[in-house]
Every structure is written in structure tokens, then in C-alpha cells.
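In the two complexes below, subunit A is the common chain; its partner is subunit B in one and subunit C in the other.
Here is the complex of A and B:
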């Protein structure tokens, strides 16, 4: 999310899959869209077949997406920034940027102070690096003329506390005052800094270290950059193939920058599709399941000075200019939704009932805490970490250190039965009789058995109605949380400690329906939408939110989904136009292509007839077009903010990126990222080569590898682990398999675990197609069938042959089809911004035969690894 | 026959997602067909049968034609095609069925009525495409019903409904036949010089209600280039039987005479 969030202002996909039919070129990279998003992929096929769009797929494997692509290029897993940096360099060196767009709508012209030193000059570190704390002070990344206001901000805490709600807000720095050179000639303007920064990302470097021939790279560069200018657009689609890297956010940043340089953002057929892997993953970040974020991407307060009271928190989060100037309205309305009448001006609307983030409590970090015995209990809802978690073997062992574990699931997942039949139990390491963990399996309703919404990839809320009652004791999440609250509250009432005040203040007055006592889901959506406190009137837009406690709104970006009593826009099914208005409701305010002010020239007229979307209607004095304008509707393109203006009024009429304090798209990220204002290439935590860009900086300096016994790493390179391993999903299964390995219609389509290797590697290791092999990493060993195929291509990296091994990860020890657990091979590690693990590029070895055939060798591996960390 | 319904399945836009297989099984309550990993690319279904009525093939092969740019030394392509019962104009299974369990429906499809089938298996050997098969343990024959129940209710077959890329089209036979030709012409224009329609009109099958747009030769897709209905051999078979009988009779008679 911070990749897109810092560049554009919001972390969501900027467009809808259906909009790619308007693309001239589609680049899919870091994603296997045809396999993992086959329904959305229909629009890619339509763009190709009906409009002759060119589809480029760049991926280590030739997948089902590559099969229907016009162009497929293989690359070494984890070398993406080299490749994308190569594209940026190609654009800059050949002056292929969409200059008018770049000058007016991005911060390319902004001058950066002399104190900034580039990673190219400091051996791989940007200026501001603190080697003790292992984090950056971003003061030197700020625009020239901007002063950081010391003391009012805890932004230095970000490195420890996560950055999921990072969209480049930091009230301590007023980014509305900057110096510019609109000719882009000033040596310290962003454009020139970028030009120098990416100068070494040449086609030769790409060929040598990505394993993509110069010709193939230049072909991709030529085709993709052709999708630029007034009359053409290109779209980029990515998924976890970028996210799950130790520099994943910066890979996404590269793509975001390319789209700005080519003027492809906010325009039909442009944008970036951040493809989400489940029905409501976008929803789970909008109304987050993340430790460091509140609904609507408000920061979770962190323990410290800036969160001591509401006024300090608002001061730290409310910039003077841009849309986030409304921060106080959003947070106070959210608190009113949480706590109702208990939230008063006198008690800071209950702000101090919110917990404070005290450190890194991401999945990876709390699992290590669990391993160290620091956690008593855990609720696992909609997740199967015993199979899906990185270093799953370690995570299963950690589960055994809990006092209690609650699993809410439709089926009995591996997480629920780790104490009974995990590999650790089979090997005798965990003994059920001695385990102290009390495990509760609570049956959960499926999605057709409960009311609610999905928020999908394109930020679209779609309501679904319950078709049937869930069977037996299975219940919805709403039911579970509500009834859990009912039980806890009884105890809390008997315990007057201050920590229970927030719990007691929660407003939970939903209508409770039927014999099963199910809370009314539509009332929850009404609360999320928001209402006026006095007369309980539904709000129609977040512009109506107030900072005085007179409005309540659960999630400001969802305001408008339930604009009047009885009108659930998520449940509307009458599409009126090509953008689907009338079918469901997209946040914000049903804008389907965000930043769409950029689809018009600075003067408000469309860039071209072919690519018109939103434009200024001079006669009517308002923005109009095919989409809801993502801009103040009556603000003319000629608007110049008066001195001292604040908020949205401080942004000129030609500034489309309204969430940013300067209204511009950020090629350069002055605030919000923990690993640099520009992307730069670091190798994955495990790599077959040394970093060719920086001899002294092998990996992302701000990332955490979390090395410890049981979570060891190979060296880079490492003769014991000579091959690159990359994991992925198959169409036929759903992630950790709980919803597919249990159904015969799906299980039979991919019944057993396999790994994909090239014909050449199979020949070299004398592996017969289909036979068992054992894959070993520094964390573990699993067995799989060897599928040797031409679709895996050996690459020549720096003169040496590098073989890549592909591994789907859907199997486990429950269900109709069973198999070893791919994630046993993955390390627990943390990307510095979103704290995600690296699964897409690591090192492994391939041994012929099953695990038991290799017992002696595996024992040797195990003892070497133990010795390495001891 | 009130209408002639048909499938047109296009390998050039299939993404191999197998939604057709799953939708077919869901709607028709077709049981599991073996949890066996085949090693044949991503094809663990392997063949049509009594418990598999749609089968997506995965062909990893050298590219013989086409403009696709694949970053490999040798030209390569991965083709997917969803196979199905052909619902032949002259249907081997129907002609072989002694019980009348197999009938021609009013949409032109061939339907096995499982409540009439006695499991004799004559249809199995009479299908030139190897589609219909006996299901264990009771031995009755099953195959694609063309979702006759859905069609009767005004809906299109489940596989076509589920296909995300419209690789499986459902419609009127004559129209789809024309569209198949247009599609192949377009593919040829783009450089797929080996594109063709598979619709064996010139053989005794007399054309099918399930046509395919394919790249390369039909044999690669397990589609016979010249399928024949076994009953075309009836006349010659009966003639030879008659001749044999007469010759035998003559020999027997001759034995008495001489």
C-alpha cells in the first residue's frame, strides 16, 4: 500500500479491471493474473481481442498468463528493480516522458536541498541513515525550503511501528512550500536527480543481472513506452509477486513512477491494478486487520508524545494543505461511531481508549514473540498460518507455546489440528499429551451463509445477501464478535480497572435478529457510512463530516455507500455506463478511476478525444465526464489558492493528487517511506549473486531478516543452496487450501504438490519427470514431484547459469489431498514498510528422492544451519 | 428438432482456468474422478469420461506459427482447450444404444437417460471420440448432457456460463459455424497460419454440435481427423456376414453332395 499510497496519496488500486479494455499496452509483472485473477483477466483478453492491445508478461515462469501474452520475458526472481529501473532510465535517457503531464502533475520539477545525498554516492545508502538505529532520518529528503518541525512528530518511530497507513502525510513538514524549476534543468530538481540515480540501470545491466537479453528488454521498453501521450495509455497489473519481496514496496514504487512519467495515471486504460488475492483483501486494509492502521487509513496512535492526547495526535497527523487537512474530522467522527454518547469533547471523544502501538506487532513479529513465550492466546480468523505463514514449521511450534488458541473456520484447518497431526507431532518433536495449548475450533459461516459486503480489487463494495442459514453451530463473524463482546462485557462490568473503560464505552446497539441472535449487518454498514449524531440522518459524503462530535462515521472513505435510509448502494445492480456506475459502489464517492482530474490537460480540456474521461465544463462551471470527478467539482482549472489557504482550498486547479499536501504525484517521496525517497536495487535476502549495484550494501538496509535459530538464512551466494526458489499459487487452489483441498471438484484438479524445474536442471541432476525430489532451504525440507518443463528457463546471470525452481504452496496435512507445506521453506523476514516476508526469491537445493531417502543429508543440513546461528 | 444449439470452444483465448470443469461438476453433481497427479503439464483430468464431462487440455509444444514473442531459444507455446462431447449430427452412441436410453433432444444434442440405461456399454465402443463411458460401480453410461435441464429453463450450459474469457461460446449452430470461420480468418491474418476450425462435416459424423478453434493439427488435441460412425460399416458388415453365411451353407451342402 505505501508504494501506491506515497506516490499518489491512496494505497488502493487506481482503476478497475474493466478499465484495461481501454489500454493500448498492458504490462503484467509480479503477477500471474490469468491464473490468480481469471475473472478480472477477461478484460485483458477483451482488450487484446477487441482493441488489439499488446499484453506483456514479465515473470520468472512461463505461466498461464504468459501463454496468452503477446510478449513474455523471463527474469531472475527479485531482480525487478533492476528491470524497472532500466525502464525508467530508458524513458529518461530517450526523453520519452509525457512532459506536459510530468511538469504539471508530478513533483519532477521540485528542488531537493544540497544536504541530500543519493545512494549512488553513498554506496547504497541514502543520506540520513542511522547505522545504530538502522533507520533513516528523512530530513534531507524534504523539499528545499521545507523545514522539519522537530519534536512534534514521531515519524522516526515508523521503522518500528509499521507504515501501512503511509500515504505521505506528516504534518510536521509543510510540503506546500517548495521551489520549482519547470524547465526540469536545475541539477537538484527531482527529474535530474532521477536521471543520475537511474543512469546505471542500462540494458546491459538488465541483461547481465536480470537474465533478460538486451534485445528482449529493449523490445519491452519500446512497446510499453509507446503507450504514452495524449492519445495512448498503458496499464500495469501487479500482485504479491512484487509485494512479497524484501524491497517489494520499492518495486511497486518503480511501477508507480513509470506511470507518472508516461502520464498514465488517472486516465482511461491507465493506472495500476494492485490485484488482491481474496474477495475482500482491499476491504481488510480499508477497515483494517492491520496492527498499525485505523479505518480509512488513519494512523493507529503510537505510544509516545504525539499521541498523549487527541490534540497532539491531530497536530501530528493534520497537514496544513491537501485533503488530509480534514484528519480531525475523520478521527473524531470515527471515535463517535466507536463510542457513541460516551465520546465527548471533554474526554477527547474516547481517544485514550484506543490502544497505542508499542512496537512491531506485525504477523512476523508477534509470531516470534509467540515463539519466545510472550503471548498467552490467539484468535485465528480467516487464516491458516500453520500452512500459510512464513517458516510454517516454526509457526506451528510457536502455536504450541500458547495457553489458548481459538480458530474460527469453515473446515478443520491445519492450524486447528497442529497439536494432533502436524509434521512436528509425527516426528515426535511436539507431544500432544504434553502440549499446554487449549484449542477451540469455532465453526464459521461461509460467504453465502451471511450478509455483508466484499470490497474487491477495484475498491468496489458489493453487498451480498444471505442465501441460506449456516449449518449447525456455524455463525457469522458479526455474530461471533458481538456475542464475544456480550460475554466479555459482563466480566468487564465487574472489574472497574481503567483499562476496561473503552470496552464498556463501545457502542454496540445493533438490532439483534432471530433465534440465533444475529446482529443486523446492514446497520453496521450504515454506521460505517456515518450519520448525524443529533437526528441520525445518513451522511452522503465525507465532506459533511465535522470535527465537533456532531457526526459519526466508522470509515470516512466509505462515506456515501449508505447515503439515505433504505438505500444500500453496495446492493445496487443496475450498471448505467462502461464504468459500471450503478453496480455496487466504489470508494471514494463512487469514483471508479481515481486521480481522474489528470485525464484532462492543466487547462481542463481532455488530452484527446480518444482518452477523454473527466473534463471542465466551462458553461456549467464544473467538472463533468464519464466518471465521478476525483476533484472538487466546482474548482476551476485556473484556480490559484489565495495566500494562507488550507486544506483542499490550498491546492491549485491543476493539482490532481488531492490527498497530497502539494497536490502532485510523487516521483520523489519526501515523507512516508522507511527505505528511501527513490527505489534502488538491493538483492533479495538470499541471492545467487552479490549486489551488482553496491558492493557494500547487499540487501535492503532498513529491512529486518529476523535471523535466529530456526529461522536461518543461506549466504549470498551459497554453494549449499545453488538454486533460486520462488513460490506461487495455482488457479485450482485457494491459498492455504482450506477452501479447495477439502472439495473434490477442486482437489482433483491439482491433487499433489509438485515443483517446476527446467529441462536443463532435470537433465543435470538426472531427475526423471514426475519423480520425487526434496527441496531444502536453510529453514526446512519438503518433498514434491518434479515437473520438468520448457516453461522454466535457465538464465545466464553474470556469465553463470542460474536455475529457478517454482513451487506452489497449497498443501498441508488435512483435507482430501495432502502434501508437504511449501511455506516451511520460507524465512520470517520483514520488508521495512509493510513488514511482509520474502517468498518470491530465495535460495534452495534440490535433492533427488523423497525426504526419507535423503535423511542423512538433511540431518547434515540441519546441524550446519544450527551451527551457523549458534 | 426445434433448434440446433452448439458450443464453439476457442483454444486461442482459453486461459486454462478449468472453471468449465468445476461448473459442470457443480451443476450436474458429477462425482470426483480420481485424485491422481498425472505429470502431464497441469492436466490432472486427463480425459473425458463418465465422471468428467469437460476436460481442459494443456499442450506444451513448439510454436509452429504465430506472432507471440516468447523469450526462449526454441519457439514454444502452451495451449489450452476445453474438450467436451461433440453431440454428433450422426451419433455413434445413439445408434448403438439398444434400450433407447440415448435420445436426440429438441436442441439437437445427444442425451443419455441414465434411468433407462442398462449399462450394456455398446455406446462406449461406438463413440468415435471416446467420450461416453461407464461409471463404476453400477456400470451405467454418462456423458455431457449439454445441460439440457438448464437449456429447458432458458439458461445456457454451466461451462459456457462460467467461462471468464468466452472461450466457450454457446449459441445457434449455424451462426457459430460462421463465427468460427471469421475467427480463423482473423487468426490467420494475425499470423497464426495454423489456425483452423475442427468440425468434421465431411465425415460420416456429419458435423458436430461442439466445434473447436485450434492451432495446429487436431491429432495433438486427441481429436480424430476423420471420425467415423461405426454404423456406416453395417451394410458391408451385414453383406460380408451374408456372403460368409452363404459360402458356409454352400460348403455344407457341397459336403453332402460330394
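Here is the complex of A and C:
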């Protein structure tokens, strides 16, 4: 989210899969779209076959996506920033940027103060690094001329924490007061800093360390940069192949910058498609079951000065200019939705009932606490960490240290039966009689057995109508939460301590239906949309939200999905145009291609007839076009904000990135990222080489490797683990298999775990195709069938041959088809902004034979690893 | 009578009607009166629960029984198509290994036991409350903290927005739980 959120202002895909039919070039990197989003991929095929688009696929593995690509390039897993930095350098060195777009719509011209020192000058660290705290102070990354707030001593405590709510707000600095050089010649303007920063990302470096020949790289560079200018656009599609790296956010940042430089953002056939792998993964950050954010990307209050009361919290989060100037309206309306009439001006609308964040409470952080016996209970609702979590073996052992565990699922997952079926129990290492965890496995309703919305990969909310009742005691999560609340509230009423005031105030007055007493899901969506408090009238847009407690709104970005009583736009299915308006509802306000003001020139006319989308209608004095304008409809392109203007009114008529305080797309990120204002290359936590860019900075300095006994790492390089391992998904299975290994057709289509190795590696290790091999990393060992294939190619990296191994991770010990657990090999680690683990580039060894054939060798590995961290 | 029988014979119908044998004339009485399994069924509009493309589904059902799940041709996202996983979503809902009863494993137990749904809910509420009572921190250094770190949640990105909203509302805004996570750490 922060990769796109900080660059553009919103953490979501900027366009829809169907919009790639308007693309001239499509670059898929960090994704195998054909196999993982097969139905969405029909649009790529259509773009290619009907409209002659050129498809480029950059990926370590040759897959079905590569098979239909015009150009496929294999690269070393984890070298993506070198490759993408190479593209940025190619654009800058050859003056291929879309200059008019870059000058007007991005912060390329903004001047950065002399106090900033680049990672190129400081051996891999940007200025502001605190080696004790292992984090950055971003003061020197701010624009020259901005005024920092002198009133608060720790004014950066919100900005510095990063996380899912980061879209570049830091109200303590007024980013609208920048200095700029529109000729882009000033040595300290962003454009020139970038030019110097990326100067070493040459085709030669790409060839030497990504394993991509200079010719192949230059071919990709030439083709992709051709999709630029008034008449052409290119789209970039990515997925977990970028996300799950220790520098994943900065990989996405590279792509976001390329799209700004080429002027491909906000235009038909342009944009970035973040391909999500779960039905509502976009929805799960929009309305986050995450520790660091509140609905609509509001940040969770962090313990400290900036959250001592509501006024301080608003002060820290409400910039003077740009759309986030409405922060107070959004947070107060959310508190009104949560706490109802009990939220009053006098009690700060219940702000102090919200818990404060005191550190890293993400999955991996609290799992280590669980491992150390510090947790009592865990609710697992629709996830299967016993096989899906990184270092799954460690995650399973931690489950045994809980007092109680609630699993809500459609089937008996590995998480629910870890105490009986796990490899540790099977091997005798753990004994059920010694595991004290009390387990409740609760049957859950499936997708046709309840009403509700998913938010898909293009920010589209679609309502699902309930068809049938769930079987037996299976229930929806709405039911579970409501009925849990009913029980808890009885206890809370007997205990008037301050801790229970918020709980008692919580609004849960939904209509309860039928014998099973199911809360009405549509009323929850109405609350998410928001209403006026006095007469309960549905709101049509977040522009109606107020900061005085007269409006309630559960998630401001979803305001408009239920604009009037009886009208659920998520359930509308009457598409009217090529952008699908009338089918579902996209946040915000049904805008399908966001930042679409940029599809017109600064003067408001389309860049070209071929690429017109939204333009200024001078006669009607408003923005119009094929999409809902992502801009104040009546603000003319010539608008110049009067001095002292605030909020959206402070942004000029040619500033399309309205969430940002300066209205511009951010090539340079002054606030909001924990690992630098520009992407720079670090090696994965485990790598076959030393970092060629910085001899003293091997890995992302701000990330966490969480090394400890049981979560060990290989060295970089490491003779014991000579091969690069990268994990991936298959079409026929879903994540760790809880929704697919239980189904006969899917199980039959992909019955067994395998790993892909090159013919050359197979020959070297004398492995026959189909034979059992054991894959071992510093965390664990699993067995799989070897699939020796020319789809995997040995790469030459810095003069040496590097072999890569591909591994799907769908198997486990339950279900119709069973197999070893790929995630046992992965380390618990945390990317510095979103706290995701690195699964796409690590080190392994391949041993011939099954696990038991290799028992002696594995024991040796195990004891060496133990010794290493002891 | 005999004439009637003979003219019902498909090959005779074909000759009499000068048809080419690919239409209704080739059908027996039995096949002529066969109806699709979805005939007369109610249809609910739905969305595939696997990846995030959001393919449209038509869910045919009758008398609280699922009959079939088909791709929705009207969807401008998917145009009627479903991948192998989406096509398997009928089985996802109907297969015999679906859980229908609460399973309970007591501490140190070696097998599942049965548990009534309402009893299970009572027991879960008791445990949650006990942990909260013991570990909740209202204040730190004179500032509001309102936090419980000993009970965690790991959610799913396959849940509905409405469900995630209620989870966040109760667990975070009501109970002060901060260890809240899902797969969407992206």
C-alpha cells in the first residue's frame, strides 16, 4: 500500500484489468498473471491480439504468462530494483521522460535542501539514519522552504512509523511551501538528484547482477519507454512477486516512479495494476484488520505526544493543504459510527477509548511473543498460519503455547489440528498430552451463504446476495462478532471501570434476523457509507462529512456506496459504458481510473484524441469525460489558489494528485516511508552475492530479520545454501490450500508438491525428472518431486552460475492431497513499511532423495544452525 | 396407434420433416422433455471467493439447496468466465468435509469432542474476558493506553468488508486489542 500510497496518495490499484485493452505496452513483473489471475488475463490477451499491444514479462520463471508474452526476460529473484532502477536511469539519461507531464504533475522540479545526503554518498544510507534506533529521521528529506512545526518536540512520531496508512501526510510540515525550478536544471531539484542517484544503474550493472543480458535489457527499455507521450500509454502489473521482498515497497515505488516519468498515470491504458490474490484483499486494507490503521487509511493513534488527545491527533494528521485537510471530518465521523450517541464533543468523541499502538503488533511480531509464551488467546478467522505463515514450523510450535485458540473455518485446517497432525507431533518432538492449548474449531459460512461485499483488485465493491443458509452450526463472521459482543456486554455492564466505557458505548443496534439471529449485513454497509446523525439520512459523498459530530461514517473512502435508503450500489449490475459504470461501485465515488485529471493537459484539453478520458468542458464550466473526474468537478484548469487557502482549495487547477499536500505525484517521497525517499538496491536477506551497490550495506537497513533460534539465516553467500529459492502459486490451488486441497477436482489437477529446477542443475546433481529431492534452508527441510525443466534457466551473476529453484507452497498435512509445507523454509522477517516477510528470494540447498534418506545430513544442518545462533 | 408409434421414431420424424438430424427431430420423448438442472431455480448474484479479479457468479438454488454456480456473462469484469478454482466453488460449498458442528479440543486432549454452539460461544467469551481483565492496561505515564496485547486476531482477506468492519469495531474500538493482522500486509 505505501508504495502506491506515498507516490500517488492512495494505496490501491489505479485502474482495472479491463483497461489494459487501451495499453500500447503491458509490463508484467513480479506476477504470473496468466496462472494466478486467469480471468483477468483475458484483457491482456485481448489487448495483444485485438489491439496489437506488446506484452513484456520479467520473471525468474518461464510461466504461462511468459509463454504468450512478446518478450520474456528471466532475472535473479530479488534483483528487481537493479532492473527497475536501470529503466529509470535509461529514461533519465536519454531524456525519454514525458516532460510536460513531469514538470506539471510531479515533484521533479522541487528543490531538496543541502542537508540531504544521498545513499550514493553515504555508502547505502540516506541522511537522517539513527544507528541506535535503526530508523530514519526524515527532516533532511523535506522540501527546501517547508516550515517544520516548532511547537512539538517529537512531531515526527506519526510520520516515522510508516505502515498501511501512509500516503504521505505529515501535518507538522507544510509541503505546499516548496521551492522549485521548472527547468529541472537546479542541481538539488528532485530530477537532478534522481539522475545522480540512478546513474550507476547501467545496462552493464543489470547484466552483471540481474543476469539479464545488456541486449535483452535494452530491448525491454526501448519497448517500454515507447509507451509514453500524448498518444501512447503503458501499464504495469505486479503481484506478490514484488510485495514479498525485504524491499518490496521500494520495488513498487520504482514502478510508480516509472509511470510518473513516462506520464502514464491517470490515463487510459496506463496506471499500475496491483494484482491482489484474495477476493477482498483490497477491502482488508481499506477496512483494515491491521494493527496500524483505521478504516479509510486513517492511522491508528500511536502512544505518545501526538495522540494525547483528539486535538493533538488531528493536528498531527491534518495537513494545511490537499484532501487530507479533511482528516478531522473523517476521524470524528468514524468515531460517531463506532460509539454513536456516547461520542460527544466533550469526551473527544470517544477518541481515548481507542487503544494506542506501542510498537510493532503485526502478525510476525506478536507470533514471536506467542512463541515466548506471552499470549493467552488467538482468533484465527479465515487464515491457516500453520502452513501459510512464514517459518510455519515455528508458527505451529507457537500455537502450542497459547492458552486457547479459536479457529473459524469451513474445513478442518492444519491450524485447527496442529496438536494432533503436525509434523512435530508425527515425529514425536511434541506430544499432544503436553500441549495445553484449548482449541475451538467453529464452522463458518461460505461465500454464497451470507450477504456482503468484497472489494476486488480494482477497488470495486461488489455485493453478494445470500443464496442458501450455511449448514448446521456454520455461521457468518457478522454472526460470530455480534453474538460474542452480546455475551461480553453483559460482563462489561457489571464492571464500570474506564476500560469498559468504550465497549459499552459501541453501537451494535443492527436488525437481527431469523431464528439464527443474524445481523443485517446491509445495515453494516449503510453504516460504513455513513449518515447524518440527526435524521439518519444516507450520505452521498465524503464531501458531506462534518467535524462537529453531526455525521457518522465507518469508512470515508466508501462513502457513496449506499447513497440513499434502498440503494446499494455494490449490488447494481447494469454496466453502461466501457469503464463498467453501473456494475458495482469503485472507491472513491465510482472513479474507475484514479488521478484521471492527469489524462488532460495542464490546460484541461486531452493529451490526444486517442487517449482522452477526462477533460475540462469550458462551455459547461466543469470536468467531464468517460470516467467520473477524480478532481473537484468545477475547479477550472486555470485555477490559482488564493493566498492562505486550505485543503483542496489550496491546490491549483493543474494538480491531479489531490490527496497530496502539494497536489503532485511524488517521484521523491519526503514523508511516509521508513526506508528512504528514493528506492535503492539492497540484496535480499539471504543472497548468493554481496550487494554490488554498497559494500557496507548488504540489506535494507530499516528492515527486521528477527533472527533468533529457530529463525536462523544463511550467510550471503553461503556454501551450504548455494541456490536461490523463490515461491509461487499454481492456478488450481489457493494460497496454503485450505480452499482448494479439500476439493476433489482441484486436488486431482495438482495432486503433489514439486519444485522446479533447471535441466542444468538436475544434470549437475544427477537428479532424474520426477525423483524425490529434499529442499533445505536455514529454517527447515521439505521433500518434493523434482521437476527438471528448461523453464528454469541458470543465470550468470558476476561471472558465476546461479541456479534458481521454484517452489509452489500449497500443501500441508490435511485435505485430500497432502504434502510438505513450503512455508517451513521461509524466515520470519519484516519489510520496514508493511511488515511482510520475504518469500520470493532466499537461499536453499537441494539434496537428492527424501527427507528420511537425508536424515543424517539434515541433523548436521540443524546443529550447525543452532550453533550459529547460540 | 401403430402409426403414432412409428412417427415418434426420430429417424421417421427426420425423413418426414426433411430435417438433417441435428435438431429436435433427433430427440426421443425423454430427451425432449429433459430440463436443465437450473430450470425453475432461483438465482443469486455473487462473486467468486478466490482471487481478487472479482468474477461474477450466478448462484442457482432451490428450496435452500444449491444447484449450481456458473460464471455470470453480464459481468464486465469476467464476461462469464471462471477459472478452475472459481468453477470449483460449487464443491467448495457442498463437499462432504464441510464442518457443520463445533469441534472442541480440551487442553492436553488427544481428540476432538462435540460442543454445542451456544456453549462454545459462552466459553470463548469467558476466556476472552478473563484475559482482558488480567492484562488490560488503561494508562501509561498518565496517558490513555486502553490496550490489551495478550489476545490476538489473524484475519482473512476473503472475509466481507462488513465482517472486517465488525471485527475492527469490536476487537479494536471495543476491546482494545492491538494485535490485529491479516494477509493484506502489502
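The working rule: the second predicted complex is superposed on the first by the 856 of 870 C-alpha atoms of A that agree within 3 Å, B and C clash if a C-alpha of one lies under 4 Å from a C-alpha of the other, contacts with A are read in each partner's own complex, and residues count from 1 in each chain.
Note that in this section a residue touches a chain if its C-beta (ideal position, glycine included) is under 8 Å from a C-beta of that chain, and two chains touch if they have at least 3 such contacts.
Small disclaimer: the values here were computed from a predicted structure and weren't measured.
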- Query: Among the partners subunit B and subunit C, which is in contact with a greater number of residues of subunit A?
  - Reply: C
- So, does A:731 touch the first partner subunit B, the second partner subunit C, both, or neither? both
- Message: Just checking: does A:42 make contact with subunit B only, subunit C only, both, or neither of them? Give me first, second, both or neither.
- Response: both
- In the superposed arrangement, which partner chain does A:277 touch: subunit B (first), subunit C (second), both, or neither? second
- Message: A:346 in the overlay: touching subunit B, subunit C, both, or neither? Say first, second, both or neither.
- Response: neither
- Counting only touches as set out at the top, which of subunit B and subunit C does A:114 meet: first, second, both, neither? neither
- Just subunit B (first), just subunit C (second), both, or neither: which does A:746 touch? both
- subunit A residues contacted in one complex by subunit B, in the other by subunit C: 38-39, 42, 731-732, 744-746, 749
- Please give the residue numbers of subunit C that touch subunit A in the complex, ascending. 42, 44-56, 59, 61, 64-66, 69, 74-79, 81-89, 91-93, 95, 97-112, 115, 117, 120-125, 127-129, 131-132, 134-136, 138, 140, 143-186
- Task: Please give the residue numbers of subunit B that touch subunit A in the complex, ascending.
- Result: 13, 15-19, 21-22, 25-26, 31-37, 39, 41-42, 44-45, 60, 67-72, 74, 76-80, 164-166
- Message: With touch defined as at the start, can you tell me which subunit A residues reach subunit B in the complex?
- Response: 34-35, 38-39, 41-42, 45, 49, 62, 64-74, 212-213, 216, 219, 730-732, 744-752, 754, 769-770, 785, 787, 789-791, 793, 816-817
